[in-house]
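Presented sequentially are two complexes of chain A, the first with chain B as partner and the second with chain C.
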Partner chain A sequence: MSLLANRAAPRQVAALSKRRGRRGPRTGWRGPLLVAPFFVFFAAFGAYPLYYALQLSFIDWHGGATYRWVGLSNYTYLLTNPDFWGALGNSAIIWLLIVPAQTIGAIVAAGALSRAKLRFKRLLRTAVIIPYVTPLAAMAQAFVLIFDRDYGVVNHLLGMAGLPSVEWLTSTGWSKVTIALLVLWKSSGFALIIMLAAIQGIPGEVYEAAALDGAGPVRTFWSVTVPLMRHAIAFFVVISTLGISQMFLEPYVLTGGGPYNSSTTTGLYLFQHIGASDLGTGAANTFLLVIMVLGLSLAAVRVFRESK
Partner chain B sequence: MAYPQDQLLSLTSRRDVLRGLGVLTAGSLLAACGVPTGSDKPAALGSSAAPSAGADVRGQVTLWMRDDDLLKVFRTVVPAFNARYPNVKVDLKGVDINSKLPPALISGAGLPDGSFWEDDQIGQHGEHLYDLTALMAKYRDDTIQFKLDVLTQGGRLVGVPWDTDPGLLYYNDAVLSGAGVDPASLTDYDALLDAARAIKAKNPKARPIPLEQDDTLGMMWYTMFLNQQQGHGLVDPSGNLTLDGEASRRALTWIKTVVDEGLGARQKFASTAQITMLDEQIISLVPWAIWFIFIPQSGLKKTTGQWRVANLPAWTQGGARSGLMGGSSFVIPAKAKNPELAWLFYEFAVYDPEGYRKVFSKNSVYPTGLNTVVPSVKSALDPAKPLVERLPQLGGVDNWAISTKAALDIPAGYTAPTWYGQAAKYLGANLQRLMDGKMSVDEVISRSTADIKKNLIDRN
Partner chain C sequence: MTGLRRGAGYLLVALAVVVFLYPIWWMVVSSLKPGASILNDPLGVGPFTLDNFRAMFGSVPIGQALGNTVLVVAVKGAITMVLCPLAGYGFAKYSFRFKELLFGVVLLTLMLPTLTLVIPLLLEMKQLGWINTYQALILPGAVDAFSVFYMRQTISQVPDELLDAAAIDAAGTLRTFWSVVVPVIRPGLAALAVLTFFNIYNDLVWPIVAVNDPARQTVSVLLAGLATNVTGGSTSSGFDLWGQLMAACTIATIPTVIIFLLVQRHFIKGLLAGSVK
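Here is the complex of A and B:
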């Protein structure tokens, strides 16, 4: 009897597992129910607005009762509009002024700050993060005063050094430089935090091995530290690119996008459409930016992955 | 033994849950297919819709104001309003109106019952606002005409006119007398140029006339010159651009002369640098909106008391000595919950003498009265019954009489095209190039006309 029972047992187990395999455990539907709120919220506040915006990009609509389907007209208008490309060019120049300098500066500073013998290390770490936690609008106003052509302290110092005044905020070339200086001042502390975290994650054994191989501090930094930080560098370049593509407040407060739209960034240009209730063009502008920034970000990630 | 929650959950299967989620998602997408859902043309808020006065009126009304001194001023009106309507609770909120009101109007969510708004912003949102034509009928004759023109969209009056911002001439009396210029001679813009030349001859560092560095404000300044000469602004009553007209060329040529002769100071309005220039007598002749008055009133130290105010010079012999530069009104969203209560408050604050005296006469916010703007109600603009006091900072001149005359003299016929604000990107930027000496008058006209036609008129 027991033998028969024992022989029957594997068949019962197999039948049970087959049934469970087909229909799953009896409580399996509770999982989807528990995660359902996320999907509901995502559908309502993520997917739906995106879908809505995509639809808007094919419509000429200023928020009123009348609207009309215009196909790709909003996209072709933007792609053939010098203002759109001008804003893109301004953002590209600002990117060039900020990202390479900030990335290299943050790597070097993180390397220095991570050295055990550096004095006032804690004080320095605190000092560099202060600008990051200072309200941007307030600092932008301060920059307006500091870089004023006639009464700003920067031109005053240049004058004391016998150098000519610079139209920091009112010339087409320098206005972008001033915006870049504000961003560098504001966000370099954040860049440093990222690089510092990456540097501190490198195992000490790697440095010991490099030392045993006779590598000096400079060689160790460029051949060991920097390559092992490439993921952090890629991350920082990508989020900086995203940030600059959406940059709005800095030019809005410092220059208003001027002079002659020379410091109008892609973010400010987009705002001008939305602010004028030209919602269709604004939506098309958004998707063009998304495509461009996505492409650039993927390219950056690929470059850093291939450098492995 | 099953737990209670198991019994409850067993009533629905996993498939049912997923089906429900699917329905929700599909519903969202189907709803999306219908967007944008435009509203029907809003009904007019007729006089019959307004409730009778007194204690019978009940409810709560939410009104948005610009979050600055004006909010504090209008809060002083509420007790007087409540004395008449004791059962109406007024919730005045300080809001960044230009960023919050347009999306609220479009979506219909979070709307106030009424809101303050700059006149040049109202036009492009007219169809989201109540038509107040019927309610305003009894006040039309007592309202400055150009305010009615500005607020009329397709025959619908979409706002309660509040303030009028005429242009005035502010000048430094000490600088003028030092240069031997009689202020009474500043009756036309050529005389203003001559005065600037005389001042510069006396003090080579002087740049007497401010040339605005902000695109939008620079364009408003130029539009004031147009309104002063031809009544209408950037467009004529038929909607045609007026940039290539005689008035425009005259104004642009005058600005170019200021630039070419080094008579202009390039700074932004009320910036620290401009205030320093005013206080150092570098700037001394300011044809600008009435609201410049706050600078000599509170921003200057060395030259306080030296400033005076007069009516604008004229462009031609016998031409208007006034023009508009700004202005704001109150609007009632078509989807407001309590539009009648909003109307009652605005009617009281704007047209009732008790209400507008509360706003303009001296109060805790403005100890000498609200003098940066003047009412749009003609009966309030009596030179013999000033709502504000004279200022020692302006040498005690009768600024009320000068301001009210300017308000009443603003040429009628002005309309703000729906794209006015966006034109700053083109016309405003080109005016900046002109003021920097990098563009000729002809180039400003031709490029601005082409850009506005291509980017604004053809796309609106």
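Here is the complex of A and C:
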């Protein structure tokens, strides 16, 4: 039956399309119906709450029955608040501690791995990606104990090497570093997977051409392979920048944002409005974060387009 | 020379494996050690005891939290796995007015970070009286932009001829989808399922806001709460709790590691789906 149907297919499809209009058999109300659930969910749990929050961002409200219109003062309060800028600065420093090292490290590691004929390559890939799938809430907790000043493993090892203990979680200088270490530990496997896939996607002829030009392996890597990976690199940098801009759990568990707000990130700062029940300011902060994140994304897309 | 380089290579590989797995190993080993020996001998393996697990099950409602997580993963995951592929099918294979514009909305919401929705959603849930309910945990984010986008990309690769042949057999939309599209995109669906599982299981940003009642909290919320109990105060009061904490974290972490090892291939495929475009 299917054989017959297939043989007769083109004519019948043409007839079918004619009956249902010129654009082919899959037209009409079914398409909109199929995509409708996404828009129902988006309207209910995306657009509407954002609209409601936008209204609220102009209101002074602490969750009770009384509220009053305050115009832009929630925004000006934030924009003139040193804590807001401090959190932005902390996030920027954490970004600097993570993204350049992680991106370059992953590129180099992927390059070395794709060339080296090592056994255990698969084992390495698996081991490095496992932290990425573990629950952050659990592993952040383990890091609190591992980096504990008095009894943690890390300071224990430093002591065995004759080095002084470090106040990983309890000093303004190190708190951001420890947060960066947790992120590096947890997400470097993701970076490596992205870069490995990018390298494997490069066609072999490119290397043959480079070899004909007499380029050595290191030169070939930096001047041929890496430029061809720029799409993946741009993707990874954008993803990790967005991730860092909304990071809150890492400082929440590791340091509570301290000491002295030294590790309060933009995400944790936003989150703290909920605890303080200061929802009007929280809503205003949300829109400042939206503007910042969309700005960063568009800038990244633009940079990427130009480099093409 | 090459032997030396090879040796250095293996040494680096071994170092990387140790660095990336040690925190998990340390967590599991510590959960099995008496509190005093975690503090005095952090590197030691043993002596072993199950006391931490016994005490932890007695003092923390982790069984209930695991039950809640399983419920949320099952229901929310089912909604995602039914509605997102269908929406992707609509975008990939149907023509209708404003399709490009509507798909543009999907792409735009892809850029909207989850955290920016937290306070707006919290306000909405308060309005609806949904705080501390399962629907608050399940519905927001159940049909997400990434899944729709990924399914659209996957289903675009199904040849139109297959769908046309089904149309001749007068198969309806859902039957065509089930008997023609699903068998072809099975690997993509597997990747989506695995990714969805990990996203929901590990999600914390929204659950921590949506529920504060212990009867409704998921495992991640429970763990984050334990954490603040210990780090919030001075650590000295929490010494006895170290072992119990690591026991709770071990219980939450081990399922993710085992499931990952079983479905590794699909997981990596799903991860790369976001980057290949």
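The rule is simple: the second predicted complex is superposed on the first by the 266 of 308 C-alpha atoms of A that agree within 3 Å, B and C clash if a C-alpha of one lies under 4 Å from a C-alpha of the other, contacts with A are read in each partner's own complex, and residues count from 1 in each chain.
In the analysis below, a residue touches a chain if its C-beta (ideal position, glycine included) is under 8 Å from a C-beta of that chain, and two chains touch if they have at least 3 such contacts.
Everything numeric here is computed off the predicted structure, so don't read it as measured data.
With both structures placed on the common chain, the touch criterion links A:G256 to chain B and to chain C.
By the touch criterion defined above, A:V206 lies against neither chain B nor chain C after alignment on the C-alpha atoms of chain A. Using the contact criterion defined above for the overlaid structures, shared-chain residue A:A101 touches neither chain B nor chain C, since it reaches no partner.
More residues of chain A lie in touch with C than with the remaining chain of the pair chain B and chain C. In the superposition on chain A, A:R30 makes contact with both chain B and chain C.
In the superposed pair of complexes, A:I129 makes contact with chain C only, with no contact to chain B. Of the two partner chains, chain B is the only one that A:Y77 touches; chain C does not reach it. Judged by the touch definition given at the top, the superposed model places A:V144 against both chain B and chain C. In the superposed model, A:Y48 makes contact with both chain B and chain C. Of the two partner chains placed by the overlay, only chain B lies in contact with A:D278; chain C stays clear of it. Overlap of the chain B and chain C contact sets on chain A: residues 28-30, 32-33, 39-40, 44, 48, 52, 56, 63, 144-145, 148, 150-151, 256, 279. Those residues of chain C whose C-beta lies close enough to touch chain A in the complex are 6, 9-10, 13, 16-17, 19-21, 23-24, 26-27, 30, 38-40, 42-43, 83-84, 86-87, 89-91, 93-96, 99, 102, 105-106, 109, 111-124, 126-127, 139-143, 145, 148, 161, 163-165, 167-169, 173, 198, 201-202, 204-205, 209, 219-221, 223-224, 226-228, 230-232, 235, 242, 245-246, 248-250, 252-253, 256-257, 260-261, 264, 267-268, 271-272, 274-276. Residues of chain A that touch chain B in their complex: 28-30, 32-33, 36, 39-40, 43-44, 47-48, 51-52, 55-56, 59-67, 77, 81, 83, 144-145, 148-151, 170, 256-261, 272, 275-279, 281. Of all residues in chain A, only 2, 5-6, 8-9, 12-13, 16, 23-35, 37-42, 44-46, 48-50, 52-53, 56, 63, 112, 116, 118, 120-121, 123-124, 126-131, 133-146, 148, 150-153, 156-157, 169, 185, 188-190, 193-194, 197-198, 232, 235-236, 239, 242, 245-246, 248-249, 252-256, 267, 270-271, 273-274, 279, 282-283, 285-287, 289-290, 293-294, 297 touch chain C in the complex they form. On chain B, the positions that touch chain A within their shared complex are 9, 13-15, 17-18, 21, 24-25, 28-29, 31-33, 35-36, 38-41, 98-99, 102, 105-106, 124-125, 127-128, 213-215, 266-267, 271-273, 276-277, 418-419, 421-422, 425, 429-430, 432-433, 436, 455, 459-460.
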